[in-house]
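Please find the structures below.
Below, chain A partners chain B and then partners chain C, in two separate complexes.
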Partner chain A sequence: MAAASVPRDVTSYSIGLAAPLTLFFLVFFVAPLVQLFVLSLHNDTAGVVWGIGQYVHFLTDPFSLSVLGSTLLLGVEVTALCLVLGFPIAWLYHRVGSRAKTLIILIVLLPLLTSVVVRTFAWIVILGRQGIINSTLLSIGAIDAPVRLLYTQFGVVLALAQVQMPLMALPLITALGRIDMNFEDASCSLGAGSWRTFWKVVLPLSLPGVIAGCTLTYAAAITAFITQSLIGGGQMLFMPMYLYQQASTLQNWPFASAISIIFLLAVLAVVTVFGMLGRLSRGYGGA
Partner chain B sequence: MGGRKRTWEAISFEVVMTAIALIALIVIIAPSLVVLIVSFTNGFSLKFPPPGYSARWYAELWNAWQLHFAAKNSFVVAMWSTGLSIVLGVTAALAIARSATLSARVLDSLFMSPLVLPALAFGLSALMLFSLVGMPVSTLTLIIGHTVVCVPYVVRNTVAALAQLEPTLLESSTILGASRSYTFRRIVLPLIRPGVIAGGFIAFMSSFDNVPVSLFLRDAATDMLPIRMWQDLEGKLDVTIAALSGVLIIATVALMAIMERVTGLSKRLTS
Partner chain C sequence: MINRRTLLTTALTLGAMKAFPGLSYAQARPLVFATFTGSWEEAHKAVLVPAFRKVNADASIVLDPMLSVDQIAKVNAARANPPIDVMLHDPGPALVAIGQDIVEPFPVEKSTYYKDLIAEAQEPMGPAPFFQVVGLTYNPDTIRTPPTSWADLWKPEFKGKVGITNLNSTLGTGWLVEVAKMHGGSEANIDPGFKALEALKPNLAAVAANPGALATLFQQGQIDISPGNFNAIQILKARGVPVEFVAPKEGAIAFKTTIHVVKNSPNKELAFKLIEASLSPEVQTTLMNSPYLIVPTNSKVPMGGEIARVLAKDTAELKKKFVFQDWKKINEQRSAWIERFNREIKL
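Now for the complex of A and B:
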């Protein structure tokens, strides 16, 4: 064959090798999502009458809209807390010796790999009426009766922030590692203080990592079904539980499909916006 | 004088950043430690600190056959899903890793999308598809669903390992007369093996822990461990669950230590 004389690029493989996984995804991932969308376009529970009734129902129902709103807000709060706590971890990581570095990484990784149910269970123990926070506050006399921490927004945000922290910390550690230390030194020797250098040099240069971390944390926080339902309890309803109730308890598949599609679009919109910001920030920080 | 002012300023910055970092690290590690301590209580409640210590709840775990059954199901599904993810994921990663073509980029986004899309929505949609084609939910549907949400970890880690491969190594192997398949077996595969293992490990852990997909794709006979635990926790705060959590935490730490040795897990996830 003539092609034999032309040296093929030995470092790349045929795109055809992706065929099995592509086929698998088309059948078991894309097709179900398409079917979900089709079913959401039906007005009756049996899925016979076509129409956009489910979407109209959701978007005109104050209850549904408040569930969507509180879910999106929850994501913002968790992401903000993760960023505030996660950035100093990444900063510290690049200032300690290699043993401490490995220790920090393993501490950060542990929750990522521990079962979500276990992690959430731990927060029930900590936040409960007889939990650590309440018993400590009672023993030092700061409070007279146990404070309710479980089943509150505060509890959900705190637990979710801990559960999702690795998703924020790991991209930040990577991003800070790529910053040329000379920029910091230059900024300091030119007279800018540490705080000023941090806000004006380090933070802007780490924006790609910040955005990557925020995207992952946000998407994970709003979809974190287990933590939301166990720490939030029955009074607080977020989109994943709403979806599950409609699909499983009420067997209203078309409405559950519409909830899924709206939820998918909300997540997709956030990811897309963050992705655009990420491309902008790479132009800015990619020195 | 300016120097002194800057020093004070620098110290305040270091102190604040270090303090927040330490608080954050404590917040991250504390829940696992708390569960470990509470699991050794000799009482019947999850009071912290426990009134006394014993291993009675671990002994209790020995007889909890429902949990054993659920753990076995979760393990079987996780093993099959990981195996399938590695076979499908590594071949796909080879195809898209060192290619800048549009189709490779599109496929990459497709394979990564289960990571950000709500798994519960996928679980529901997969259940609808299976019921439409008349396929009853079973261990098989669980394995298929888990593979979709686990394969991204294998693809990502394998792509990263392939990207770090030195092209000169492969070229010299070819120049020295090795065939493509020989080069693949003797050069490529050994070099990407740690990446594949790391990806497979994360895939296994995430399958073993999966709730949203399992909720829809399991049948009544297939109880899965995280769902069993979740439902037990909704009902009552059982100390047996604390002991089980203790076992899972210790197993996770042990596996992490092994993976750190075998694959350099920590460096892999931060580069």
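Now for the complex of A and C:
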């Protein structure tokens, strides 16, 4: 009975509740990941000879590195575009009536309600030679011949930004909602203009949401196999397609595994940088 | 001997069998046929499967459509107890599958129809029930004079109008080999093909990631001419897309689509029966007719309809007009070609 009389430490929680998910992760995520890593440590396609040849191949090959670089850059472009387009929407959300709020949420969520494939095909229709953009530009006389939009980096960034927008807008809406409106009023009444208020008050306070949105958008944009290959076409190579090509068409599993591991590490590095920014911003965000 | 590892494996296996009772009855699962996605799946579901079930007492069969390369990957991941019984392959992946020892030899002597197949289709490791034919596809609304040769793709009037696919697909690879041959190359010497591709760049409007994507580009007016698959074009045409198919004068490229029994399949007998059904004149005749238009390989099937009109009236003409490629040679260097294509073809 002695044990019962000691009050339980209320600040600690039993980790037993996490056990089912942990087990699920161990079996279906960690174990395959380890298997993938082991496979990547083979020099031949059959997976018999041990060695780090696949990593050496990737890291000393300017072409492979350029694929990695362009994929990471694509993520940055998409994330930046989402942020620039998503922030005003999120800001607006907290300043309109409830009816308009519902409308904004609906617009933000709408992309999530259709499949990525459908959304991407819609972009093919929009960006095509006879698509909405080209026919509009032609009819107002801005261009003489259709411009090539489909199968360009620009097209991929545009389509990905639309497809991934909810991942940016939702965290921003949440973060902006947590800011006490009185801060802005205080800032204005103390003589700061609206831009100064935005830069010095609203933006810093919304940083946790910005970081969360950027992390999600970035990770989703660089791994978006379907949108990248349908809008980018067969000549624009990004990491997911490179991986698929090696694994499926060429059946070179060890190299494909090495690509996956390198890609995973590169993404983890970027996400870590976002995380560090997030910690730096905590001084503001905790307020 | 029992060590920690075997004990753990055994425990996990037993646990898994308890959790997923389906595993324990792997022997009794239905026949799984991995066909291709899209029009192939439709055709097989509507014609081949009913024909098979009719003569095999309604045996249960499941279609699991996926690409050749994915079929190989799936079987490789579970060689001892493969999740697929019958595979369908393009010529390149077929040789890979045979090379990796994941298919059974076809029991030729047991087969009723094997001997009726035309010589090119008689493959002891897995016969070819169908041909795929690749020729020129064009939009008759914008291109008034039909093209006649692969060389037409290089004409200056098609600047920014040509579509191709990359070398991930059989179509893209086979087409590049044909281009190389036109310029003095061969399956072993692809260099002239790449040189010609370089010269084609001003005309290229799109390099699609797969042949299916190429089809959408016709619908969107993004491209007006491209190498294309006969079946795929007929399906587009039936849906009202303005496309026409012509066999170029160099000869249309013919790919054998081969069908294989997977090694260690628990349903070998049914797998054989399904392949027999696919080789039978009845099934091949139905599949030759509209809307499927799949080129038959059984010499007892008289050519008819659109196929007779556009491709060949009989087997003799078919052999004369079709070009078959040496995929053994192609496979040797395909990965190097894909690598080179990745590097060199940037629009």
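Here is the rule we use: the second predicted complex is superposed on the first by the 266 of 287 C-alpha atoms of A that agree within 3 Å, B and C clash if a C-alpha of one lies under 4 Å from a C-alpha of the other, contacts with A are read in each partner's own complex, and residues count from 1 in each chain.
The rule we apply is simple: contacts are C-beta pairs under 8 Å (C-beta built on N, C-alpha and C of every residue); 3 or more make two chains touch, one makes a residue touch a chain.
From a predicted model like this one, the values you see are computed outputs, not experimental measurements.
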Should the pairing of chain B and chain C on chain A count as a clash or a fit in the superposition?
clash
Considering only the touch criterion stated at the top, classify A:Val117 as touching first (chain B), second (chain C), both, or neither.
first
With the two structures laid over each other on chain A, which partner does A:Ala256 touch: chain B (first), chain C (second), both, or neither?
first
Now for A:Phe63: first (chain B), second (chain C), both, or neither, which partner does it touch?
second
State whether A:Leu137 touches chain B only (first), chain C only (second), both chains, or neither.
neither
Of chain B and chain C, the chain that contacts the larger number of chain A residues:
B
Touched partner set for A:Arg148, first chain B, second chain C, both or neither
second
Using the superposition on chain A described above, determine whether A:Val271 touches chain B (first), chain C (second), both, or neither.
first
Touching A:Val125, do we find chain B (first), chain C (second), both, or neither?
both
Classify the contacts of A:Ala247 with the two partner chains as first (chain B alone), second (chain C alone), both, or neither.
both
A:Gln235 in the overlay: touching chain B, chain C, both, or neither? Say first, second, both or neither.
second
Indicate the residue numbers of chain A shared between its chain B interface and its chain C interface, in ascending order.
121, 124-125, 128, 130-131, 229-230, 247-248
Which positions of chain C touch chain A when the two form their complex?
67, 69-70, 72-73, 96, 100, 160, 165-166, 168, 172, 205-210, 213, 216-217, 220-222, 334-335, 338-339, 342-343, 345-347
Complex contact set, residues of chain B against chain A
6, 9-10, 12-14, 17-18, 20-25, 27-32, 34-35, 38, 45-48, 87-89, 91-92, 94-99, 101, 103-104, 107, 110-111, 113-122, 124-126, 128-129, 132, 144-145, 147-148, 151, 155, 165, 167, 170-171, 173-174, 180, 183, 202, 205, 208-209, 211-212, 215-216, 226, 229-230, 233-234, 237, 241-242, 245, 248-249, 252-253, 255-256, 260, 265-266, 269-271
Can you check the complex and tell me which residues of chain A touch chain C?
63, 121, 124-125, 128-131, 148, 150-151, 229-230, 232-237, 241-242, 245, 247-252
Quick check on the complex: what are the chain A residues that touch chain B?
7, 10-18, 20-22, 24-25, 28-33, 35-36, 39, 84-86, 88-89, 91-92, 102, 104-111, 113-126, 128, 130-132, 135, 161-162, 165, 170, 173-174, 177, 193-195, 198, 215-216, 219, 222-223, 225-226, 229-230, 239-240, 243-244, 247-248, 253, 256-257, 260-261, 263-264, 267-268, 271
